[in-house]
Every structure is written in C-alpha cells, then in structure tokens.
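Chains: A, B, C and D, in written order; residue numbering restarts at 1 for each.
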Amino acid sequence: MDGLRRHKGMFLLPGLLTLFLIIIFPLLFTIRVSFSGWNVSNPRMDFIGGANYTAMLHDSRFWASITRLILLAGGTVLIQYIIGFGMALLVWREVRGRRFWRVLFLVPMMTTPVVMAAIWQTIFHESLGPVNDLLGMVGLTNVPWLTESGPALVALMTVEVWQWTPFMFLLLLAGLLSLPREPFMAAAIDGAGTWRTFRKVTFPLMAPVSVAAVVIRLIEASKLSDSVYVLTSGGPGSSTETPGYYLYIQGLRDQQTGYSGAMSLAYLVLMIVTLTVVAALLTRAFKLKGAS
Amino acid sequence: MRSRPYTRVVAVAAVAALTATACTAQSEAQHKSKQKAALFKPGSEISYQKYGKSYPATKVKDGPGPCSYESISRKDYSGQTLKIISHAVPVIGEPTQLHAKQFEEITGGKVEVVNVPFGELHQKILTPLQAGQPAYDVMFYPSLWIGDMAPYLAPVPEEYLNTPGMRDVTQSYMDVATWDGKVVQYPVDGDRHYLKVRTDVLKDPKWQAEYKRATGKDLKVPTTWAEYQETAEVFSGKDFDGDGKKNYGSAEVTKRDDLTFSAFISRAAPYVKNPKVKGGVFFDAETMKPLINTPGFVRALEDMVKAKSTWAPGGANFGLGDEIFSFGGGQTLMSYSWDDAFIQAQQPDSKIRNTVQAAPLPGSSEVYNRTTKAWDKKANQAAYFTWGWTSAVAKASSHQEMAFDYLCFFGNEANTALDLTIGRFGVNPYRMSHFDPAFWEKQGWDKDVAEAYVKTLSGMEENPNRVFDLRVPGVNQYMSALANGVAAALAGQESPQRALDGVAGEWAEITDQIGKDKVRSAYRNVVALEDKS
Amino acid sequence: MRSRLYPVFKYTVIALWACFVAGPFLWAMTTSFKNANAVQGGATYVPWVQYEPTLTGWRNIFGGAGGVDVIDPFINSAVVTIAASAISLALGSLAAYALSRYRFRLGFIKNSDIVFFFVSQRIMPPVVLVIPFFYLLQWGGLLDTVPGLVIVTVALLLPIAVWVMVDFFNGIPREIDEMAMLDGCPPFQTFVRAILPNSLPGLTVAAMFCAVFGWNDFFFAFRLTFTEVQTLPQAVVALNSSIPPWWTLSAAALFGVAPLILLALWVERLLSKGNLSGAVR
Amino acid sequence: MNLNATDLCLTVDGVDHLRNVTATFRPGRLHTVIGRTMAGKTTLLRALAGLQQVDSGSLTRAGEDFLKTPVWRRDTAMVYQQFINYPHLTVFANVAFPLKRAGLSRDEIRRRVRHSLASVGLTDFEKRRPSQLSGGQQQRVAMARALARGTGILLLDEPLANLDYKLREQLRDEFKALFSDQGDTIVVYTTTEPAEAMMLGDVVLVMHEGRIVQTGTPQEVFERPATTTVASIINDPPMNIFAGRLEGGQVTVAGFEATHISAHLADLPDGAYMFGLRATDVSLAAGGVEGEVTFVEISGSETFVHVAVGEIPFVVQIEGIHDVALGDLVKLRFRPDRLFAFDEQGALVRTPSYDLASVEGR
C-alpha cells in the first residue's frame, strides 16, 4: 500500500486536524494561564512567572490526592478486571438466560455517572439509605459510609466498580467470543481441566484484549471525580479527594484558573508518563504470562 | 433547537460589551413593554392550585401596587425572552420556575429558566459576566456573593424601590442588598439561622425527669451552646419518639463543600461578636489581619468537634438537605440552620407538625474581646444574618424592564404569602408584614408555634449585636478555605487551633491575591452594618 | 472433570452479581414513588406495604411544576449525541483507516504515536479544557448553541472512535483493500465500498461508546450552555438541590437510562451473533 | 501491449525481495512464476499490480510508465492464495463488483456474472455469502470475479496452495481450460509446484532469492535447467544434486566410491562437477551403492524413499507402495544416462537426452 502516499493524508488529516484545532487552543491557553495569576476576582492574563508551580510543589493536598488516585484507580480497575473477566467467563457459554444476564450486566455503563452517583448517595445515606438498613437487619451496626475515610473510600470504589465493570465485561466478553475454537479442542483432547484450560489457553489468548481494556479503564479512572463530587465532596476532611476533584475545586468552584492550569499541566504530564509506562509494563507482563 | 446566525450573535455580544462600558448607550438597546388590557381585577383571589396537587389550596388576595397580578398583566412582553438562572429545584428554583410560568401566562413574554446545583452556581453566573457574555438577564444567588457580582449588576430603578412591597422589606435585608450606596440586589428572601427544637420531647414530663436525673438541671430550650451540647448528649442514642429507632441530639450542616461554613459561623457568633468591640469579626477592618484563628472561633470549633457524638449516623457528612430530612423526619431533637427545616417540619403532611419550636440561636456565657485579648465574662447573644437567596438583573441585559417586572412580580405580596408557606421553596420572611402570627396560624400552625416563630425572627431584627456574612469579593474562596479547616478538624486530621491557624494563613494569602484595598473597602461596608447599631 | 456443585456455584455467583447490578435501579424505582415522608422515615422497599406510593416524582419530570421538564433536554441530548457521534465516527474511521493501512513518519513520529495522540486526549482532565473552551466558543459565537456543544463533544468522542476503529481495521485483511483497488476503486471508494460495509460490528461498538460518553456528558454541556441547550444530565442535576427531592431525582435518572438500555439490547444482539469478533482487541 | 519489467529492485529492512528482475509478459500467454516460498514471487506480482512500490527499475506497458499508473487504473485482476472475497457481498455481487466499477450496464453485468459463474461451476450459488462456501468454492468465486472483467492483466498468486490435493488437481485442470479462453490477457501465475508450472504455463519463469534465474517454455526449463537451483526448484521431489568428478568419461562421486560410465558425458573435459539426477532415475536394487533409509513418504501410488549415502542425501521415487522401514540399509541404482552435469558454480554443462513423453506422463 506504500504506493498510495498521496492519499493517506486525505484519510488522516480531517480527523487529526479537527482534533488538533479543537485541542490546541485549550492547551496553549492552559500553558499560558499557568504562568498568570488569573483568579475569580482578577480574571486577567498577567504574568507572575513560575509562582503557581512553586505553590503546587508545596500543595500537600494535591500530592496526597495523586497518591490516593493511584490506589483508587489501580484498585478499582483491578477489581473491575477480575469481576468483569469472571462474569464474562460465566455467561460466555452454557448458561441459562444468557442474553438476559448479558444485557443486565451491560446496563450500568450506560448510565450517567453524576446522576447515578446521586442515587448512590441515597443508597449509602447512613440513616435513610438501604445499605445500613439491610446491614441492620442482619444484625450489623451502622457503617459511617460517607463520614469516615475508610468506608468512604470503599463506597467510592463500590460505585466505580458498579459503573465500570460492565465496560470490562463488554470488552472481555467480545474478546472471548472471538477466540478461535481450536486451542480449546486441543486442550480438551489433552484432558486439561477447567482451571488448566483457563490458565494455559484462555488467559494467554485474552492477553491483548486484557491489556487494552485495563489501559483504557486506567485512563478513564484517572479522571475519577464525579462520584467524589456527589458522594463525599472529597470528605471527610480531604481524605477522598482525587486530582480530578481537586482540580475542579480549584479551577472551577474557586476559579483559581491560573493555579489550576499549572496543576492540570503537571497532572497531565504525570498521567501520560505513568500510563505509558503502565501500558508497556502490562504488555510485557501479559506477554510473559502468555509465553510461559 | 435553533441554530443562530453567528454574525448576529457576535454583533449582539459586541453591543452588549459596549453597553456594559458606555452606560449612555444602554437605554437605546433596551427592549420595552407594550400595554394591554389587564387579565385580573384588583384584589382577585390568587392560588397555585391549578399548577398541580403538590401546591397547597391556600388562597390569598392580590395586593395593590405595580407588582400585583393586575398591574403586571397590563404589560405586553410578547416577542421578548427573559433568561434566568436559578438554584436547583426546589429550593428557590421551583418558585423561579413557577413564577416564570405565571409571568409568561399574563404578559405573553417568554421566560427560560435554568436550574443549577449550589456548588456550580457561582462560577456558572460569574464566568459569563466576567467574559462579557450576556448569558442571563436575571440571576438568583446567595446574597453574600454581592462583592463578586456587584460590578455587573444593574441598580434597582427608583420606581421599583418605591413599591409598597419594597418599602416593607426590613432594614437588614435592604442593607444586605446594597453595595456602594446603591440597591443592586432585589430582595426576594430573608434568611437567618435560628434554633429548632422538638417541643413534644421538651414538654414531656418523663423526659424532663430523665434530663433532671442526668444533669441536675431543668429541661428547657438551650440558650447557650454549652446547654445545647448538654441537652444533645442526654438525648442522643435514645428513642425519644417511641418508634423503635434510635434518635439523636443534633443535626447540623457538616458536608465540606455544602454550607458548613454558615453552620460554623452560627456556632461562633456569640463567642466572637463582642458588642463592645467594633471594627470587624472576620478581619480587623483596619489591618485586614484575619481573626478567624482567635480564641472565639477556636472555641466554637472545639464545640463543634465535641458535638460529633450527638449526631445521627452520617451526621458528619450532612448537607443542608440531610439536615432537613433528619430534623424534619423526626430523627433528631435539635437543629439549627435556615428556615427550611422548620417550614418542612410544619408542612401539613409532616409527622412532627406543631411539635417543633423556633428559638434564637444559642448564645454564650462569655465573649472574647480581641482588644483586651481576654474573655469578657458576660452572657452574650448575637444575631447571625446568614446569607439568603437574592436576585439581581445583569447590567448587560437588554431586557431590564422585563427583568425587573419579573422580579417585582416574583416578590409581590400574593406570591410571597403563598411561597412562604411552602417549605421546599426556601422563601422566608423578609418583610415587616411577614412577622404576623395570624398569617401562620391560618396555615394551620398552633398559636404558640406561630408566635415563637415570629418572635424569633423579628427578635433578630431588633438585636443590635449582629453578624453579617463576609460580603467581599472572593467570598467563596474565603468560605471554601474555612470549610476545609472546619472539615479537617471535624475529621480529626488537625486540632481546631491548628486548623484555624491554617485558615488564617490562607485568608491572608487570598486577601493579598485579590488586593488588600479592594477587600478592605468591601469589608468596611459589612462592618458598618454591624457597627451601625 | 467438573464437580456437581459447579452449576450451583455458577448460578449463585451470577445471581449475586445481578443483584448488585440491579440494586441501584430497583432502589431508584421504589424511591421514585415515594414522597418526603416516605423518605424521611428511613429505608423502605415495598410500596403499599411499607409506604403509600405517589406519582409526584414522575409527574415532576414531565412538566409538573415541582420539577423540570425532561422532554426538551431529551431532544437536545439526542441531537447533540447523534450529531457528535456521527461526526466522530466519520472522521474517526477515516483517520483510523489511514493509521491502520498506511505508514506515517514525520521525524520521530510514527503511527503508534499518532494513535497515542488521539487516545491521550482522553487523559486530559475535563477541567483543563472547559475554561479555554468557554473562551473559544465565545469567540466563535457558539456558546449555548447546539453546534458549539457538538464541536466540544467531538473532541471527547473522536479519540474513542479512533481507538476502536484502528483495532477493528487492523483485523480486516488488507487484501480486501487491494482487491477493491484492483477492481477499479480509488482509495476513498475502496474505503467506502469495501471496508466500511465490513466494519459494521466495529462501527457499532464505536457508536455505542460514543453514544454512551456523549449522552452522559454533564461536565461540558453544563458549563458551555446557558439556557438554550439544556441536555438531559443537566436537567437531572438541576434537581440536586439543597433539599434533594429523592423521588424526582430517581424518576429522572431512570428516564435518562431508558434509551441506553435499548442500546445495551442491540449491542448484546451483535455480541450473540458473534459479530463483534475483532471489534475490540 | 507487452508488459515489460526492467531491473526491478526492492529491498526491505535489508532483505532483498527483488533483484534486477527483468521480464517481458506477453498478451495471450500464461506465465508461470515458479520458485520456493519467499523467492519473491508474490512481491513480483504485487509490483506488477502496483500494490508494492519498487526501489528502482521500470515497468512499462504499451509505452506507458506503469509504475506511475495507480492501482485502480492498471486494468489488472488478481486472485490471492487466501481466497479473498468481499465478505459483505453475495457471490453474485462479488463478481459484479468490478463490473459495476467499470460502469457496465445492468444487463451486461448480469450476463457476464452468470457466464463467469457458470464457467467456474457456481451457477447455483449466486445468493450465498463467501463465508457459506467451502474453500474451493470461495476460490472459484475469486476466479470468477477476476475473469468476468476481462482485464488486460490477470495475476494469480498461488491460487491453489491452500486447497487440498484432490481439489487442487481438479481446479488446475479447470484453470487450463479457463485460461485458454482469455484471448489477449497477460496471465501471470505463481506457484511452488513444478507440475502446475509445467502444465499451465506457456512461459515459465524460475525465481530464486529475488532473481529470475531462468525463463523459457516448460520444456526448455525442464530439459535444460540453467542451474542446479533451477533443477531442484522445477522438480518434485527436487533433483538429487551431488558433487563429483569426471575423469575420462567416468564419474566419481565423493563420499562413496562408485564408478559409472555415461556416454553423453564422455566428451566433457575432466574436472570437478555438480551432478543432478531426478528421483525417478534412482531406484532400489539388489546391488549398488548402499545407504540408510532416513525417511519414507507415501504419496498416492508412489513412494519417496530418502536415503543417506554417507553424507549425501538422495530421494528415490518408486512406483507403488513399498515396505521400507526407517533405518533399513538399501542399495541404490543410478541411471548414468540421465545425469545432468553442472559446473562447480552450478551452471548447466550437459543434459541427458530425454524422452519428453515420460515428462508429460508424470
């Protein structure tokens, strides 16, 4: 196809340029604004040098939120992957009501995160919600879901797992359904059991899908903020703040545009580097697993 | 869905920008009303019933004056569109929509309303104003934002200031609406924090005896925060309403990014507002040194941390709505915040109707004196005029007549009378005529409940020791910093003193960032109101 | 090999997960028929038995005075989602096709870097973009308009479309392109006549992701519109007041989810027919 | 309207795919390109089609610079090894696809498609999708599509390689008939199978490591393989090649002492040579050179016995099925009159006089 150089631009450029044009202004704007003292009462593009960046280095809330995000995103994505893969395997073959389960398991990802978070807030409501009520019925005490940092993190992760496991489920189920049959027959002839078949055949074959699904989920999970916003407002104290939510507080609610610009850029660079490294590591890890 | 000719939009934007800078050009760009026949006879009976079953059957008489149904229905606004931003439904958002619908019906104009959650309202209003984008004609927002909004607001014209309804607004709420000597906000709501208690428990001999046993004191409505704490502790964890579920002592707004800062100021007011000391509560109005970490505020925060033990499950993450559900649903003995919870508890279908009582916020047995740096050992009471909802018209609006007519219609005597009775509307007494127990009795309130309510509210108007919100530019930043500090202390991450020291540091930074003189001149206006008495 | 308990185990796990997935919907369903009193008394589940159901919540979302009208926002959401998804799919599949079939090299930039450029747009926290977008759209006079919102939404969806379609096109043998060209199709016709018709499963998955992310975008729609273009999530969030009417909120949430459940049905059908093979890799 | 390739060169990542390929393809002729896997056959076809750019060289047709002609205007049809059809179209639409692009009338399209499908025996399959057909049927659809257009150039890239043996033979026979109808079309057909190349080709081009090493009629190539490489490529099983010496009309093969006398080699000068002997010209006998059986293949009615004589591997093709076991010691008998002689560089020096009938009979 190398003979068609003249045409390749025709395909790529409309999309690339569109995205570039839409994105370039915000990016330049953010870079420029990060060197300004633009805030709510002084919305001007003045120049204050690197003051915002210096302030950011000393902003322990920001750095704490990044550490927290790594745990939250890593943890939820791992849980989503395990459950998503498990469910995909269970409804992959030979199960009654297969179509019903599949549709049901897809639905949460179709819902609006902010809206569902509001519903979850009522579910975790410590005195009026059903979770504590049901726990009470089986004789357990009230859990301070949204008022203590441990349970609040669990609540957040629950919401994230609920919302996005279907995404994993979809990608992994589609992956499973497109697997060739031959290796399974071979494994069956070899007399491999369920677990061995999974470990030696299914899992290695699913490695590419798995890497893609995990990476894309990590990207999305890194923006985690809607559910924080609605459920805990980052509380108690600042113990459930994520960078996304902290940026929102600084940049939009308090309109510290300049400062949030600096943080955004730092965050963006950090995320791109982290995710690239993670993606590379995952690819290698899965390849090794697949080869063994 | 309409697609606009963009050139026109740009042109309109340019015109708007011009009008914003050159006020002389303003009158030419303004759209005016035409006259038509009235749709109402003077003094007609007004009721919301036709808008649905969720409205009470109450009927009131249309009042006189230019804002009445009768007068407004003479105006013809057909072909004009008014754009309004308001708070989320129902608090203030629902009356905004309801009156918009009525206004459309009687003037033929079109009114578009968007409703926005509290946390988003500030930037959603301010961003277009700052960008010179004529997004909204009318804005409903918390009155304490006046410092940020004032530069973009159209002063209320003389003819609206002279309506009977406006003249009846209490002095405090006119003060709150005034900036640099001009009335720039249109009062539609009067707000203050006060105490709510369950009288069925307080008057129950069994509980009185129990309280006596526990504390050796008589059970009564607490008048100091120390008593409040004592009472709350005794009743927390007991099933005082006999429904088989545990009850708790106190419900407070504690969710960090909700309205926690107001709850905290309520608790601090009697400790920090010394009638003998003038010149500012939050700052020293001369030096602009933050006072937020002075012993009075620290004491209040210590109280609040102590109070945690008396909160219902989840009480440390209560937004205003949770507080209202908790008290209004009968879960807690006491609560303090805006009228909403009280009115909610007094709704016709409420389980605790007429078993609640309003009382002034608790006071203190001593008050800090920042000039002598010592506690003055004397009982102190301070009225905290917490921010309430207000409304304003954008200077850049080209529909100012329609906008002010809408607001004057919104707040006409008939509408206000009906709105006051609907708890979820969040419209609370702000005119002298609202302080009439007879009106509330007509709504089915018991006489003593109505009287205590009116006395509590009007008493605040008479209290000379008053605290107002920090109505300066950047108020959200200050309050956000304060809420962070309070939340950190409540979560046990920091001691109250350390937390407030941190807040003081942030406040100083914020002041520097915004400009000391700008903040000072704004804060002096607030201090003038407080010290006037 | 498999123990007799395996089916019991299997259906137990499936049922447990199903309960978890369906729980919030069931809760929202029952809450949507409550009123303030039914909510304030603590958690209840069964109408008539535990509380007296009312239709207030549902009435409120269909023009009842105590709520917000969801019909106009629904239409707005649909228009923006469909337009933005269509544009993203068109531009995205063109670009993805180029990245799958041709080799690009510009200095150190290779195909994989261009793909990464697209995907990396999803790493950007929305907060970074929204303020500049405000000024960008203001400059173009596009604030509070459908085209403005569509442009912004395209920026969100295009990366997804490219990501899904690159993988999908990689799974279609190049020989099909070559054959089409030999059969007399210039490159663009080749794409339209030979490749696109074979990409329906991929397009479906991409369309689904676009629709889901477009339909559920609250952040940008909220901040870049004033009154004219209210989308459904905005309408629902407008109910998140300081006194949240749980019942109306629940009804609105269920209403907003409904059209996307149809989408889930459609996707499942494609899945069952095995048409998604190679759609996601 | 010849298609002339001159000095086509292509190197990708340090590997030479085409090295100075020069060839003339003539209308109405069927050119078979034979070579081992990776010899550059497919690359050559793709270069002719325009699907592969070359580094240097020229390609012209009727004075036109073909390298500058885009693929879609090259008037070329191609059939792939992997049964490529449009998966989304029915058999009918598949065949009609290029015709529609060419702008033919609907009636004409229908006529041609029907004709073409009939010629490959798929008349009743019009409405099926390719995925509902067997491999052989799918390849017939691809053939029908390529033929229906009546292009000036028809390229077939090992079209039978992925089919089973039976089908391959059947289709090969059908192709012979189909191609004979093609009038002025230039047909280029690549294969690894000598029999296919011999049977179908008007012209045989032998490729090795990116080069065309010999061009000629099947008979020429078969009888006079220019090099040892060609000799091994165009014979199946490959010709046995071994080094030896010729002294006074006597052949001495290194590794084992054996002396043969062969008349047709008698006048060659003495020296070191490479010798070639087809597998059919070696047989198992009671006496002769002894070797050890390393491998036995039974193919249809023939048996291939691989025998190692010292270090030298031999393949022996014998009629019928023979019971030879691995590790058996057998004795080989060579037919000295069938020896090919090549010089030490592998270039052909002398061929045996061959009876052509025995070639075609295979």
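The working rule: contacts are C-beta pairs under 8 Å (C-beta built on N, C-alpha and C of every residue); 3 or more make two chains touch, one makes a residue touch a chain.
In UniProt terms the chains read A, C = ABC transporter permease; B = ABC transporter solute-binding protein.
What you see is a predicted model, and the numbers here were worked out from it, not measured in a lab.
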item	value
Where subunit B and subunit C (ABC transporter permease) overlap in contact partners, by chain label	A
Selected pair, greater C-beta contact count between A-C and A-B	A-C
Chain of greatest Cα-centre distance to subunit A (ABC transporter permease)	D
Separation of mean Cα positions, subunit B and subunit A (ABC transporter permease) [Å, integer]	38
Between subunit B and subunit D, centroid-to-centroid distance (C-alpha), Å	92
Centre distance in Å when subunit A (ABC transporter permease) and subunit D are each reduced to the mean of their C-alpha atoms	56
Length of the line joining the C-alpha centres of subunit A (ABC transporter permease) and subunit C (ABC transporter permease), rounded to whole Å	15
Set of subunit A (ABC transporter permease) residues in contact with two or more other chains	1-2, 4, 127-128, 132, 252
For subunit D, residues contacting two or more additional chains	51, 70-71
Contacts with two or more other chains, residues of subunit B listed in rising order	120, 123, 127, 131, 258, 325, 329, 331
Residues of subunit C (ABC transporter permease) touching subunit B in the complex	35-37, 39-42, 56, 59-60, 64-68, 75-76, 79, 131, 134-135, 138, 140-147, 222-223, 226-230, 234, 237-245, 248
Complex contact set, residues of subunit C (ABC transporter permease) against subunit D	173, 175-176, 178-186, 189-190, 193-194, 197-198
Touching residues (chain side subunit A (ABC transporter permease), partner subunit C (ABC transporter permease)) in the complex	1-2, 4-5, 7-12, 14-16, 18-19, 22-23, 25-27, 29-30, 33, 83, 86-87, 90-91, 95-96, 98-99, 101-116, 118-120, 122-123, 127-130, 132-134, 162, 166, 170-171, 173-175, 177-178, 193-194, 208-209, 212-213, 216, 219-220, 222-223, 225-226, 230, 243-244, 247-248, 251-252, 257, 260-261, 264-265, 267-268, 271-272, 275-276
Subunit C (ABC transporter permease)-touching residues of subunit D, taken from the complex the two chains share	49, 51, 70-74, 76-78, 80, 82, 84, 86-89, 97-98, 101-102, 145, 149
In the complex with subunit A (ABC transporter permease), residue positions of subunit C (ABC transporter permease) that touch it	1-2, 10-11, 13-14, 17-18, 20-25, 27-28, 31, 39-40, 42-43, 45, 91-92, 94-99, 101-104, 114, 116-133, 135-136, 151-152, 154-155, 158-159, 162-163, 167, 174, 177-178, 186-188, 191, 205, 212, 215-216, 218, 223, 232-233, 236-237, 240, 244, 246, 249-250, 252-253, 256-257, 260-261, 263-265, 267-268, 271-272, 274, 276-281
